[in-house]
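Below is one structure; the comments refer to it alone.
Note that the chains are named A, B, C and D in the order they appear, and that numbering of residues resets to 1 at the start of each chain.
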Amino acid sequence: MALVCVEDYEKEALRSIPKNALDYYRSGAGNEFSLSLNVEAFKRWRILPRFLRDVGGVNTACNVLGCRLSTPIGVAPTAMQRMAHDDGEIGNALSAGKIGGIFILSTLSTTPLEEVAAAAPNTIKWFQLYIYKDRSLTESMVRRAEKAGYKAIVLTIDAPYFGARRADARNKFKLPPHLGLLNFQGDQANSVKSMEGSSGINEYVTRQFDPAITWTDVSWLVKFTKLPVVVKGVLTREDALLARNCGCKGIIVSNHGARQLDSVPASIEVLPTIVDAVGNDMTIMLDGGVRQGTDVFKALALGAKAVFMGRPLVWGLAVNGQKGAEHVLELVQRDLELTMKLSGCVNISDITQEYVAHESQFSKL
Amino acid sequence: MALVCVEDYEKEALRSIPKNALDYYRSGAGNEFSLSLNVEAFKRWRILPRFLRDVGGVNTACNVLGCRLSTPIGVAPTAMQRMAHDDGEIGNALSAGKIGGIFILSTLSTTPLEEVAAAAPNTIKWFQLYIYKDRSLTESMVRRAEKAGYKAIVLTIDAPYFGARRADARNKFKLPPHLGLLNFQGDQANSVKSMEGSSGINEYVTRQFDPAITWTDVSWLVKFTKLPVVVKGVLTREDALLARNCGCKGIIVSNHGARQLDSVPASIEVLPTIVDAVGNDMTIMLDGGVRQGTDVFKALALGAKAVFMGRPLVWGLAVNGQKGAEHVLELVQRDLELTMKLSGCVNISDITQEYVAHESQFSKL
Amino acid sequence: MALVCVEDYEKEALRSIPKNALDYYRSGAGNEFSLSLNVEAFKRWRILPRFLRDVGGVNTACNVLGCRLSTPIGVAPTAMQRMAHDDGEIGNALSAGKIGGIFILSTLSTTPLEEVAAAAPNTIKWFQLYIYKDRSLTESMVRRAEKAGYKAIVLTIDAPYFGARRADARNKFKLPPHLGLLNFQGDQANSVKSMEGSSGINEYVTRQFDPAITWTDVSWLVKFTKLPVVVKGVLTREDALLARNCGCKGIIVSNHGARQLDSVPASIEVLPTIVDAVGNDMTIMLDGGVRQGTDVFKALALGAKAVFMGRPLVWGLAVNGQKGAEHVLELVQRDLELTMKLSGCVNISDITQEYVAHESQFSKL
Amino acid sequence: MALVCVEDYEKEALRSIPKNALDYYRSGAGNEFSLSLNVEAFKRWRILPRFLRDVGGVNTACNVLGCRLSTPIGVAPTAMQRMAHDDGEIGNALSAGKIGGIFILSTLSTTPLEEVAAAAPNTIKWFQLYIYKDRSLTESMVRRAEKAGYKAIVLTIDAPYFGARRADARNKFKLPPHLGLLNFQGDQANSVKSMEGSSGINEYVTRQFDPAITWTDVSWLVKFTKLPVVVKGVLTREDALLARNCGCKGIIVSNHGARQLDSVPASIEVLPTIVDAVGNDMTIMLDGGVRQGTDVFKALALGAKAVFMGRPLVWGLAVNGQKGAEHVLELVQRDLELTMKLSGCVNISDITQEYVAHESQFSKL
């Protein structure tokens, strides 16, 4: 059957990869209320299209944090992409390059960041970071990203611990032995040297997660790197203000694909309040539940400058490697263009709040 | 089984026509959220019936844009009706005539407009237009409609491009080879002459769609035709005001049967705001999701002067040709009459906003 | 299986009577939106129970329109009860008597009103009336009811025409030949005399329905009968005020079990506004969707003085004749008593609006 | 399959115990609307997590009514726990001790209160009381609880009569003959002495339920016991104020697991109003629908000082006796800890209203 939308890829991926991996990719925290909310909450917004606007030359080019992009659609950092397909992170990075969107590499990559950079030199790449107990490990990771040409550091703040995903608990999920968290293998940290094989590294990495970090550590990071720092995982206006005060340049409004804490708001639900708080001072972006062009459009209309997709790219990889990932991005990109054409927006900057209305607005006479 | 309502016809049509055609008729854009919303949104309005009003002589006659009608229920323009049944556009036009409602012929008709006019001389007919790149083709189409006795030009503004219907993408839908977009065959345009067979024409038509048209083109149309111009596809008060300022006489509030852009509002959701904006200056009509007399009643109560049905007529044709289409219209017409009887409205003009209440009104003590 | 609630009786009735009759009893108008709304709307109200109130002596006795009752639960008028079971109207009348509630006999009874009265002398009986074209027939019907000891005339105003129930249209429903609308057989009207068999009478009755009646006819009725007149079918405050001004003593807020016009409000939805309008001047009652003690309690809390059930009694009859109907009433009566005990209300008059809250109240922090 | 959440235990229990017992434990009053509402209403609240807060040392210790606890999660009083597993009340008491939470023993225990106390000396135990017709029986029960080391008296006020659970009515549920309500066996009351076997005692107990008690009896209880008195079952601010005025020290906001009166509010729905009324004067707690750490978190955020679970512990017992119950408590406790870590709350006192938002808040632009 022809695959014509992200949902088709999701269904097809169900058949392509083992339950273990699929569950790891698919699942959300707790009873997965926020997982479905991420998608459902988009439906509560309507697009108000305007017509007769000369939409012959629709153009999705935009500037995001100093990067010139062909599209505001990018790839969210997801761990261990080679479990879906051997093309893994490189496949996704190349795909993002094809549509001219941002690729964010996860720290927990199954390909070293230098290899990804070398294989996809024309893709605009950002590096997703965790701050580790071992601050020198953290710093060396940032330095390597700078050196390899990554254009921003995306600091994920919503994962002091891993969320509880029931499917993983039932499956007793583990990274397959032939794969490794390869950003660490090349690292100079002494403790890693003494371990054998990738699984030792994995344990090491998990042990390195530091639940004690605070906004002071963000300031530390902002100071020592020359790259713009983006915090990922903000869900409140209070944290948005703190991020701004620490000198961060951007925010990805995100609930980590609903994988950390169940019953948190959908990212699209809190986007307006965060834009309201710091939208004039920082670049606000969003991920979580983006599946089609209308979702991208709504996020932009509510103030996001770019959006990222996580699982859809994993489904693309799982179904057809790099080609699949590329097709997924193309489908959403084309759908965004069509949405713009059919709502009277020629440029990304035309997409403003007047083009959307919350469904509650239609409940009053 | 007896067919006693539109839903019965829809179910029966499922068995009568090939999946290809059925999918084309049935489907909506994207994940079809607005498709079901068009129907569901009607349910959010309650009718508040009044009794003991002497409803012996209920009468649905009305004037719409200078046309004297027996009923405010009409047939929306839908492309390629002969794919459902050979009776096609003529069958529908005759059926509309039987109940005394308006028939709107699609530009993308599989029967030439002149043949429809000749076969259904007693039906009040409007002609649906797209403005083409080739403005002389556009103009000649209008002149032919004027000459053939069509009483209004319905300019569809919501389709600068075709919407993305997933089922069609999966089916790789094409017009069957034995059918043609026959309004073009008879045309004098040079480019058509040089092509062979109907599929060449189809390509030509598609290439003719002009995404660059603006409200200036509407003014051009209004000026050169003596027929009243109705714009179809308005979903915002802003576009309604522009239509009025261009000299249009009417508006069909419509989301094109949710076939263009998914997640737009249901037409009934935006009707009140558009009536509020220009209801005193123009004739407001509606299509989308009308399936029974109570839907018609609600649209009229909220300010529409007429409503049109698209898919129901296709199901009627598919099941039983002209007879089926006629029965569908009769069922809805009789249901409208009964609704008026059971709510205390004798004439169409009696149906005002006091007769409906949004469900949200019942959520307060 | 033990039958412990109305729903159990409904399920059991599905197996006890032919589809034809079942469909007639069960169905509602149109696509049966209001049919399910009648039941669902009750769920939107919560009971706020109070405790430690000495509920040892709960008592459901009450006065309604001058009748001393043991319970505010009564039997709504439903046509042709002998189609469910030969015990028919008499069975229901006896059952109402057993719990000390009102029995309302339908004009379209399959047992003559005099026979019902004779068989159930200790039941408080009201007579449901339609105003016929033949006003002398109407008057004679009222006189017979007065003479036979009925205590009120319930004028149904929501049926100038029969509603459109799709199942009946599909089944081409007709009253079985062995049954007749026997209130008419004994009548002196000349036109009836000339007909043969019961089906002739049925046609006669249908032809007698007068869609032209107005509130003037209500005044006529109020003047010539010494019984209190109750209008049944009011759904708006405007009609409630008119009823009061005509000298009616009571109102049954009702949408005729959602059998007349689909998409009207549930009776419980409009009860508050009607109580607000005329609750001080008239006795407000309700039917529609009452299935358990908590429903009765909510209606009383919102201002009704009595409630009536239609279909539940038909299910009772269908399953086990008079015994079944009696058990149904007992189940709901016991449930009302328990509801009172568990919410701290000892007498019917204790049940006030403070004991209920609309669910919307819990949506605000 | 691994059991990783309360729902897993519930599903597994379905297979472990006979329908009779299962239905008794599972079911709610009426058509079980409030039963599912208890769980669903939690979903209407979102958690607003804050990050970068140094959550390394999360600590759930708290003081509740003078008891020093390791966790605010406790075991609600449920009758007849030995029907689920022979470990019964002792198993649950030991489990509560393991996590350092409160265990409330039901009056209708299948193990005498003294035996429970002796077997679980390190658990903080409260005793749940009904006030009986025989006030001396009541008093002796309280004295025995005081003597055995119970730390509070929990007076259940919402059960002057048993609620109507349809499944039990269908099953004609009875306590199995080998089990007894053993708190009564050891009692000195004369009437018990004269009976033979446990079933006689059961009848005696039921007959002892006093529907006539009032707040005066609460004052009587408060006066004669030196233990703090907690009333369980409050759902209105009015009853909360009365409880305070009687000298009660705490309230458990509860609808008795939706087993008494259907269509009452979920406990989480009314918690805010009760906290608002008496939260400064008394210790407010909650039970009903708590199934995971996020539920606990939400209740605490809305002002509860502790929460209790009923059915989950029964499922734990049914599946694996004391070990199962302990695991259930551990799962929820760990989930609470993770919720705190992932929302930036280190201590129980950090969990305030700012961390939650009702979903209705996201319906406004």
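As a working rule, a residue touches a chain if its C-beta (ideal position, glycine included) is under 8 Å from a C-beta of that chain, and two chains touch if they have at least 3 such contacts.
In this text, all values refer to a predicted model and were calculated from it rather than measured experimentally.
Between the contact lists of chain B and chain C, the overlap is empty. Comparing the residue numbers each copy contributes, chain C and chain D share less than half of them at their mutual interface. Greatest centre-to-centre distance from chain D is found for B, with centres as Cα means. With angles rounded to a multiple of 5, the C-alpha fit of chain A against chain B returns 90 degrees of rotation.
Computed centre separation for the pair chain C/chain D is 42 angstrom, with centres defined by C-alpha atoms. Centroids of chain A and chain C (each the mean of its C-alpha atoms) stand 60 Å apart. Across the assembly, chain C contributes 357 as residues in contact with two or more other chains. The full set of touching chain pairs reads A-B, A-D, B-C, C-D.
In the complex of the two chains, the chain B residues touching chain A come out as 30-31, 33, 41, 44, 157-158, 160-161, 163-164, 166, 169-170, 172, 210-215, 217-218, 233-236, 238-239, 242, 260-265, 269-270, 272, 353, 357-361. Within the complex, the chain A residues that touch chain B are 1-2, 4-5, 7, 42-43, 45-56, 292, 294, 298, 334-335, 338-339, 341-343, 357, 362-365.
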